[in-house]
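Look at the two complexes coming up: subunit A is in both, with subunit B in one and subunit C in the other.
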Partner chain A sequence: MIAYVLRRIVQGLIAVIIVLSIVFLVLNLSGDPVRLMLPPTASDESVAEMRTLMGLDRPLPVRYVAFLQRSAVLDFGRSIQTRRPAISMVQERLPATVQLSVTALFVATLIGVPLGMIAALRRGTWVDRVAVLTSMVGQSTPVFWIALLLIFVFGVAFPILPPSGFGRPAHLVLPSASIALFLVAGITRITRTSTIDVLSRPFVTVFRSRGLSERLILGKHVLRNAAVPIVTEIGLQLRFVIGGSVVVESIFGWPGIGQLLTRAAFGRDFPVVVAAVFVIALCIIAVNLLLDLLYSVIDPRIKVWAR
Partner chain B sequence: MSDKNATIDDTPLLSVRDLSTVFRTDRGPVYAVNGVSIDVPRGEIVGIIGESGSGKSQLCLSVMRLLAESGRVTSGSVLLNGRDLLCLADREMRAVRGEEIAMIFQEPSVGLDPLFTVGQQLVETIRRHRPQPVRLAREHAAQLLASVGIARPTMILDEYPQKLSGGMCQRVMIALALSCEPQLLIADEPTTALDVTVQAQILDLLLKARDDHGSSILFVTHDLGVIAEICDHVAVMYAGQIVERSPVDQLFDAPQHPYTRALLRSRPLLSDARVHPLPTIPGQVPRPGEQPQGCPFHPRCPDAMSICHMAPPPVHRVAPRRDARCWLLESEADRAQASEGTAYEGENNE
Partner chain C sequence: MGPMNTHVPHTTEPHGAQHYLLATRYNRSALVAHLVLAGIVCAALLAPLVRGPALAQRLSVSLDPPALFSASSQSGALLGTDSLGRDLGARLLLATRVSLAVGGLAVAVACVVGTVLGLLCGYLMGWFDNLVMRVVDALLSLPFVVLAIAIVAAIGPGLVNVAMVLGLTGWITFAKLVRGEVLRIRQQPFVEAARCVGCSHLRILFLHIAPHVLGIVLVGITLTFGQMIIAEATLSFLGLGIPPPTPTLGGILAGAQETFFAAWWLVAFPGVILMAIVLSVNVVGDWLRDYFDPHVPIPVVRRER
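Up next, the complex of A and B:
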């Protein structure tokens, strides 16, 4: 198992290098940061001087290698806008994003899983139809629209929650609800399908024949047997949580990595963009590894390290 | 076996009366069990034999009240010690399951949760009915496994079900079923999915359960050999109905119903199996919902008469605890009388 984890970490690092390379290329193709930093009236000499100063006059491959070397020690340079080390700017923002994502995922799981199970148990009844319809609507509604709707309803029409800001628990409600509502849809759908599948397995009838309570059968055996697809779904949705948080953080003024990334991208602040993408990629890879290990905890037949 | 005659006078442990079970389908209601009555006396093994689709399993599930969602018992009663199980609240019924009636199933390997060890599942069931510390329940579980002939029970307790063979799984299932020493054991084709050598061992276990605990067993199978081996009494089921009931030796010696005779003929005998091809019963069990009018067996019956197309045969008592549903057993006069009556009855049946 340790060998497996090590192999996965190496694979993850390769993935990070690829991500960094793509970011490096795209940023170098998308505009000249020197022109953006200097006033439009700056002379060609001062532009050239600035370029030399920043090392941008060297050929692309040389800069690429140097870039990777510095990335290896988490040195992504200083922010062009604030002149502070890019990685520490991202680090400061990390807790806020983690707080938002984890809350959203947690709430979505807490609502989606029971809802999906109830829909499966009441298959064909109005409860089921409402759940299926809601999850369809939820999945086809863009996060930004949900966010604006929530702001309008709870921040403007019935001003009971702060429409933006950070610090108090109340500030967390609307942004995490925006992401969670989207996630609930997918989790409900997959839980329903998975539960229906497990309920049709013979052992459920066998357990009932032994007089075990429905709560025990459903809460312990059915749920655990249905859990692997649900965990997979949550892992897949992680990307949307990150992607969604970029949008949601901007809308709600949430001081997380997403907001930082958006601003840095608009400002051609290369070092900050690279550092942010690096941290996000690292998070996704780490969580995916954890989820894969979680499979074997849920289902002893799955030995991911034996593949 | 010796005290069999003494128990006959007692009220039976299980008494199923006129039980009908209907399934909702897209093509309308379908009768899987159609007016079945059967008794299981104390300490006896009663067999139910029939082809696939004859309603044997649905009968068992009806007794256990474990029918699929689309199924419903529409009439009849299921008396266990004189108490109608169909009238119990869900909660009371759960207390009966496992405690008074236990069931073992055809596919042992899919009857256990693959994500929990054998021990965890045994302990769970034991503690459901006999609340006790996990450690004690585990000891009890090991004893149970030993009693069903599992060597090294404590090792098996820590195994996951998928590591066990089919025969081993069925032993575990029997151990689970016997964990509360139920008065009635319902065995739904418990040996069908197993190797022949393992089959015999499992049957021995069931006989031992009867002898040790005095449990009654309702044994469902489509294997006449198994019936001959362990049952005291047997009911032949066809298309949701019981067509013949008989003590097991008399059934083999003198079958009354043409279907029973056909079943017995289609059984391989060592003496002539190599010379003659085995006779088969032409046609198939009617699909539930496509029951023919009259006797459900008449399209396949070699002895069918005109009355068989028109009216369902009544139950004919041949001897004590011995009856059959066949027009052949009725007198000429009774047939003629029924024949006249079918003109309007037929319309009602439509």
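Up next, the complex of A and C:
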């Protein structure tokens, strides 16, 4: 098992290096950061001097190796706008994004799993149709529009929740609900499919004929057997959680990585963009590794390391 | 039209497009989605007719409520006007056109790049396959929007740029789908037969194998099209997509934030259109997936109840 974990960590690191390489290539093949940093009236000499100062006069492969070496020690350079180390700007904002994402994921699971199970049990009835329709509509609705609607309803029409801000738990409600509504769609869908599949297995019939309570059958046996695809889905959804929070943070003024990334992209503040992309990729890869290991806890028959 | 469904009761089987139309007729939600999509595409094609009112600023009727719902409308604009007095309905038509164009262009780029890479991966296997799949894994560890924002930061906003960015981030879906399909197909006897009679690898791959992945590519197109349209709207909403003079659904929504309290129609209508496009594309996509799946029976006659 340790060998498996090590192998997965190495794979994850390779993925991070590839992400960094792609970002490096894209940023370096387009445009000249020096021109952006200096005033438009700067002379050619001072541009050349700045370029030498930043090491941009060296050939691309040399810069690439140097870039990877510095990335290994989390040095992504200083922000062009604030002159502060890019990585620490991202680090400061990590907790806010984690808080938002975890809340959204938690709420979505809490709603989506029961909804999906109910839909599976009442298959073909109106409950099922509503659940299927909701998940279909939910997956087709852009997160930022849900956010605008929620602000409109709960912040303006019936002002019971703060439409923006950060700090108190009430501030967390609207942003996380915006992301969660989208996630609920996916989780409901996969739970429904997975539960329908498990319900058709013989052991359910056996338990029912033996007179086990429906609550025990569903809550313990069916859920546990249906859990693996659900956990997989949650892992896949993680990208959308972070992607959603990037968008939502800008709308609600939530001081997370997403807001930082969007602003940095606006100002073409490349060091901050790279640092933010790096941290996001690292988080997603790490969580997916943990979820992978969780499979064998949920279903002992699965030994991920034996594959 | 790809693999025919075997579950057809009649001896005189309808073929190709006719089979597709007949099968679609008896699936109510798919039928509605096709009609909605066709309507939206027609509206987008006719959009240049309303370019005049879309661009005309009339500050005297700024933020005029929709004539459709309100008797107090002064401008007569069916869906109301924005803060500069421009006709929202006309702007939405033009914005829909932009959305579809960017989505279409992005999907085309993603489809070509992804399909060719998927074909090569599935056929060659080995180190090339490994390399491309590593890149796919790496890109899968990033949210679509984050990658797109990072690239836009580098190459700058704009219609073609956004389409390119989305295309170059969206190819992974096609590469994965096609690769899986090729891995399955290459085991089949006809590929071996082609090799035995001396076909070159290129000929086998592009003339014998490629036609069999058309169905899955079509499914991929509908799966990613909705995603692309949402992504474009998101980027434009954040101000990193297509810059303002061009009307976009995301851009209109971004502008609507400022007049939130006064003008609900500026928030409601662009979102509804966005949702209608994506929802109908997704329903058509689900339907196509069933249609091309040989395991799902597709009746072409009305089901007996």
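Worth pointing out:
Note that in this section the second predicted complex is superposed on the first by the 307 of 307 C-alpha atoms of A that agree within 3 Å, B and C clash if a C-alpha of one lies under 4 Å from a C-alpha of the other, contacts with A are read in each partner's own complex, and residues count from 1 in each chain.
The working rule: a residue touches a chain if its C-beta (ideal position, glycine included) is under 8 Å from a C-beta of that chain, and two chains touch if they have at least 3 such contacts.
Since this is a predicted model, take the numbers as computed values, not measurements.
Superposition note: with subunit A as the common reference, subunit B and subunit C can be accommodated side by side.
When both complexes are overlaid on chain A, the residue A:M136 reaches subunit C alone and has no touch with subunit B.
After overlaying the two complexes on the shared chain, residue contacts for A:D75 are found with neither subunit B nor subunit C. Residue contacts after overlaying the shared chain place A:I284 against subunit C, while subunit B stays out of touching range. Ranked by how many residues of subunit A each touches, subunit B and subunit C are led by C. Aligning the two complexes via chain A yields an angle of 80° at the C-alpha centre of subunit A, spanning the centres of subunit B and subunit C, rounded to a multiple of 10. Looking at the shared chain after the overlay, A:V156 reaches subunit C, while subunit B stays out of its contact range. Smallest inter-chain Cα distance, subunit B versus subunit C, after superposition on the shared chain: 6 Å. On the subunit A side of its complex with subunit C, the touching residues are 11, 14-16, 18-19, 22-23, 26-27, 29-31, 136-137, 139-145, 148-149, 151-152, 156, 239-240, 242-243, 246-247, 250-251, 261-262, 264-266, 268, 270, 273-274, 276-277, 280-281, 284-285, 288. Put simply, subunit C touches subunit A in their complex at residues 134-135, 137-147, 149-156, 226, 230, 233-234, 237-240, 250, 253, 256-257, 260-261, 264, 267, 270-271, 274-275, 278-279, 282-283. By the touch criterion stated above, subunit A contacts subunit B in their complex at residues 123, 201-203, 205-213, 216, 221, 224-225, 298-301. Within the complex formed with subunit A, the residues of subunit B that make contact are 61, 64, 66, 69, 94-99, 102-103, 105, 107, 110-116, 124-125, 128-129, 160, 162, 173, 176-177.
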